[in-house]
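Report on the structure given below.
As written, the chains take the letters A, B, C, D and E, and residue 1 is the first residue of each chain.
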């Protein structure tokens, strides 16, 4: 018997923190505010750890029902929480990384106005994120889903006096809403066909259905719609546009929400719904394609970005693409594995980047950095760990998870060499742009002063000539971040290094009750994904080969980056010139924002104004009314003119009327 | 035959008087035409046997009422009608309406009144019987006419008297006049 | 012997003449006389119908009509005088302050 | 006539006089006023004579009550006292009382000598009362003339104003014109049936072949009566006359004589069972509503606006004539009462605001009345809402009964026209309300405080309007009983 | 359920405001006392109205707290009142919003204060009456009675083109309700009663002559009246004008309660009396509702005027209600009812917020603002909270209803659910964009720098609304528990209808 775990407390604790800080935080000192925020967030983390300690005594999945939420007819949705291995992993990642970033934020935000507001939002985010991963039904999951969107909106727009920040927040929310639209429709389909949104009954019913191998059906539709939702939240093509803009938010926010946790919610949701996807191969295929393309697409953009956070943002999109690729080839555990390691190293990358930015007084343009490794060694070393992790060098965490994905993409039931090839190429690009960032930031000479003095185009040339000495400036020069910020960096660096040592297979085994439970329960003919062990043995010979190829790709990325940005810094300029228009397109992110604006936003606004508001409302409906009123007035005027004031006219009317009456009556009488 | 002749002759006189009333442009002429109409009507009444009615017609109508008319015409010194712009409605709707109505009614009266001929003095109305009816069956209407007459007197007093206030009117014009 | 309908038609003609007078005359007094003409026409019908139905009440009605006509004449002429005082015209086409 | 010796047959009995008691009372008081008038100086005449007239109308009310105990025929089938006639007697007397109350102040402000005025009002009321109880066409004609002639005179009572005498002469000439039509109709009816007694006519018309003369007779009578109730196309006189006549008189003549004429119409249409009435009325009703409402849309003169409105209201009332008697009669009766209450009240307000010489009668003059005299504005608003037909006012139920009577006779088309018309109508009534409340107050239009007489008059008509809107049942039950009496 | 208190409860709740208004008439013109008195009266009414949900028998499907006395014998009009789960909450919504209206009008109305509060209280009585009346006549009476005070509130206390707006509002709704009147009259002529339940039974048992021929027209007669009130797409143009010009309290009640009269009418009368016609006409009504959702949202997006924006958003939101009602699904109707309540609270609050800003700047133009979050943080927070509730953020009130409506519509016809769900995107677009333009960025107009933040009174008016928005989102069952059985009753004939169709 599983003891009562008070699962509901886990999300509610941060909520309390958010409420207290939000309502009364204005009167609290910064110390109190941070104590409250850290306390409640930490409490959630502690609870998660406590649950870990109970692990052996748990029978998973474990459901705790708190109260009824909505009931309409036979449809019901509860405040109920669900714990299984999958949510277990997510719980640990979210509370752990979340707590670390909370700690980091205290240092990072110390000088900022609206300190209490920031922590209130952050705690609110934790509440929604935990709700999302602990929900036992899709509706409650949707609560968290929308809620994290809200928190993201609030935090991106934290510096609301900046127009770009406010716009970015709004953009994030609206684009997310487009995804949510798909999610909602999926929910409606489930309600209509399954009568419930709770995981257990839904999955029970779905696992009784045959796989839609022959043609698209209900499950494919649900799967695709869920994918639309996931694409919105996890910034996949074509809905990724909000994430780069979201970097307007404070850096801890980028780390927590837009790298480690929230954006992975889509992956979590897809994995959670794997029962559906398993039976909808077309949907799965779409997931894989979207993931792959996104990974490649974002990586190419990442190559040319100069804003340190933007690079990381595109990198995040790209890595999320990997995760979807994993899901798309039914390698869910690999996806989750990568999710976890990504949380470590990408969280770390952002925090470190934040530390860099912090160190040089708010500058984010990499072209104005350089040579910082001596000034901020802790940051440098932790970031190095993260960079190697994301690039996929063994034995860093990223190597294991990325490798698991690539291997599955190649060998899995739903895999294909195309996915693998693109994946490897993306891995090369990843390695390249990450090391580009690494070299530009930490190596060479500091370019801050001179870069400011000269125009943007000459940056590379100047950095090549190494003109001018590093002139530290900002808050009393370039300085290492305070300890409170470094602690999370170090912890995450350790995790980035060791986080993957468990290995994909062990991780897969841990999650298998979740991922294969539904399948093994009615192991029928189409359970191809249910035999991972035998499969691996089959391809065992080639796995080592593939691993070495991907390591090679990472290494060549490193080499190329070293070549271009450390050894011969003038070369990128020449290459850019050689590429011409293509380079321009990449620098401008393939003009996607501009295209969206021209194709969707502007027609919508113009159409609404001109056609709907002015056209229909004013010129058709109101004009019709006004015209009929005017017509009535004219008729009225005509009636008025019967009243000429002339007595004889009046008599004329009467006589005419009398004649009519007489005529009618004579007619009636003789009829 | 004589009956028809007398009827027709006075009928024609009657209609001629009526038409003359319309044609004449001086009110006095019109009034005199009306007197002719009334006189010839009295003859028609006699033909129908309504001798008392005929007498009263001459005395009251022609004698009293028309005198009143002539008096007022003289009092107000009414002259020839000026040819002011007529009313189009009266001409366009009123006259055709009148014509249509008349034709229809005439048709009904000629074809559908369903009555035969009447002899001379078909229904004698001696004063005694009339008087009985007036003071018995029609006592109430008779009495009520007194109220009518009272009102008429009052009205005449109110409207035609007080030349002072009428003069006041010209010095204190209503705003519609101003 | 004259058909009764002749009397009736005669009355109808008088009535119609009255209506026409109302429509075409311009002097208020003449218009008023047209009304008297109409009433006279009605009176003839009453007497004629009385003969048809052998009901003397028809003749009695004529008295009432005459009384009413007399009263009307009194009041009407008084009103005409009043109008003449304020407007100094008897042309009905000029009595048109009130309109529209 | 054959046995003249029987005194009981020859001489009117007390019962006969009871049946015209209200008329007698009104006449007597009218004469008292008339006689006392020369003995009074101007100042005192206003109040004293008015009070006497008021007492007279109240006495007529009491007389009506008394009379209602003795229903039956009187004066050799000339009049009949039944619940129908009692209803209209009561209505006429009540309207008279309210109008007299209204006139107190008005006469004073307009500097009109009051003696003849009150006498004329009372005498006019005699005619109107008699119209509802008369069951003989000639008596009806005379009564009609009494009421008409007195209103002709009353219309010209503001002798200082040219428009008043113009209104008077127009009303008089056209009224006489229409009366001649009515009379001709009576003559033709007499020719068709050999009688002028409504019950005899009714029996004759019900007994078999209806002579075509009867149709023509009905046509002529309808022209005459249609004129009196201002039904289109015989409505043309209404706006001019209402505009020119003194406001309290308009209140009087738009309600009491109208109610009385409707009573006559009811008697002719239903008791005498006039043939061929359905489409005649259908068209007249539709036309009246439409013409009245459309005409009112652009009026700026409040009196004229209400004149058009009264045309439309007549149209609504006519709808019920097209319905079946057992619904139609009560509906008309109720409507006349409700209409009387609200219209008399509305004109009372107008007469007060008009000021000396009725200077302030345009919409502009009503601007901001809600601020200058909130009470007056509120009261007028309620009357206007009642005219629109908003619930809890008499006007609503009036329309309601009319429409439901028509629906019970399956006159859906007419009801739709009526309903649409009331929607259109709401616009111009609303215009007045809007002007009163939503425009800036005009300081140059003075509003004097409400004097006692007017206040009482307003209170009465307001109370009646609301009463009929909240508890219309009693009146309607009463009216329905009348219909049942007739059916027997 | 048979205590005298229960029986007289509806009468009390309905007429206490009217009594208060009459007492106010006698008050001396001391503005403070008048405001206070109005507040006390409305609060008293609110407290009393809470009796209804507290003692509501949740399992029971019939009308509760019924009173049924003969009012007028001919026509057969009864003073028949009663509530079910749906109307009860609408009553409470009305009584809930009125005190807030009083508070929000405290300072913004300084001329003709007495008349203002009298009108407000009279309006309240009429609004409650509409929801509790079970006699068609009584219903119609209250229905019309709402018009006048509302039109006067707009026309006297409004801004700018107030007269135009008031007249437009009055005429629009008046003309439409005439059709309803004709339908009611017809029903009365054929059944001899106005009683809702009796007529329903008579129709159900086929005892109404000529019904089949007339039913469609009757249905349309009712529908047009309600559609204009809601307002459904082509009839909506009065709403933006009315809102823009109305005083804050007027807007709050207009959006919060008045519009719900239309949807409530559809629920009670269109569905209740003409199930077959509702079913067969549902498709185009739902199309209109969808147009309303999308159209309202798109036009809202480009409005330069804050109030107009909120007004158009109301059109969009009410589209959800109509969609839900004509989906004939349990979820759809539950959701529709819930949206009515939620929209009442959140849009009411939005109008209060807009009014607060108007009090300070005397304009609603969005371009006049910008960056207000800095000088007015508390205000901005409230605004954001309500905006989020309006956008349909889960755990706030807007979500539950919209979700249920859409799932119901989806169940009925998938494409309707999908199109309706786009509304989720639109609402985020226009509200957040508006929020950004008003509150974010730099303060562009110097005068905005010194705007005072919320006063205690304003907070007192906003807190209840915000709290209600939260509670309704977190614990919607408090409402749904009593709404559900009522909806079930209303849907019963449709199940039979379906089975009839199947039977054929």
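We adopt the following convention: contacts are C-beta pairs under 8 Å (C-beta built on N, C-alpha and C of every residue); 3 or more make two chains touch, one makes a residue touch a chain.
What you see is a predicted model, and the numbers here were worked out from it, not measured in a lab.
Path length between subunit C and subunit D in the touching-chain graph (shortest route): 1.
In this assembly, A is the chain whose CA centroid lies farthest from the centroid of subunit B.
Computed from the mean C-alpha positions, the centre of subunit A lies at a distance of 79 Å from the centre of subunit D. Centre-to-centre spacing of subunit A and subunit C amounts to 97 Å, using the average Cα coordinate of each chain. One finds 43 Å separating the Cα centroids of subunit D and subunit E.
Averaged C-alpha coordinates give centres for subunit B and subunit E that are 68 Å from one another.
Multi-chain contact residues of subunit C (touching two or more other chains) are listed as 8, 18-19, 22-24, 26, 31-32, 48, 52, 57, 64, 68, 71-72, 75, 79-80, 82, 85-86, 92-93, 95-99.
Across the assembly, subunit D contributes residues 138, 142, 145, 149, 152-153, 156, 159, 161-163, 165, 168-170, 173, 177, 191, 212, 216, 239-240, 424 that each touch 2 or more other chains.
By the definition of touch given earlier, these chain pairs are in contact: A-B, A-C, A-D, A-E, B-C, B-D, C-D, D-E. By the touch criterion given at the top, residues 3-4, 7, 11, 14-15, 18-19, 21-22, 27, 30-31, 34, 37-38, 41, 44-45, 47-50, 52-53, 56-57, 60-61, 64-65, 68-69, 72-73, 75-76, 78, 81-87, 90-91, 94-95, 98, 101-102, 105-106, 109-110, 113, 115-119, 122-123, 125, 129-130, 133-134, 137-138, 141-142, 145, 148-149, 151-153, 155-156, 158-160, 163, 166, 169-170, 176-177 of subunit B touch subunit C in their complex.
On subunit D, the positions that touch subunit A within their shared complex are 169-170, 173-174, 177-178, 181, 210, 212, 214-216, 218-220, 222-223, 226-227, 232-234, 236-237, 239-240, 275-276, 279-280, 283, 291, 294-299, 424. On the subunit E side of its complex with subunit A, the touching residues are 234, 236-237, 295, 298-299, 301-303, 329-331, 334-335, 371, 373-374, 388, 393-395, 399-400, 403-404, 406-408, 410-411, 414, 417-418, 421-422, 424-425, 428-429, 432-433, 436, 439-442, 474-477, 480-481, 484, 487-488. Across the complex, subunit A is touched by residues 19, 22-24, 26, 31, 92-93, 95-100 of subunit C. Residue ranges of subunit A in contact with subunit C, taken from their complex: 640-641, 643-648, 651-652, 655.
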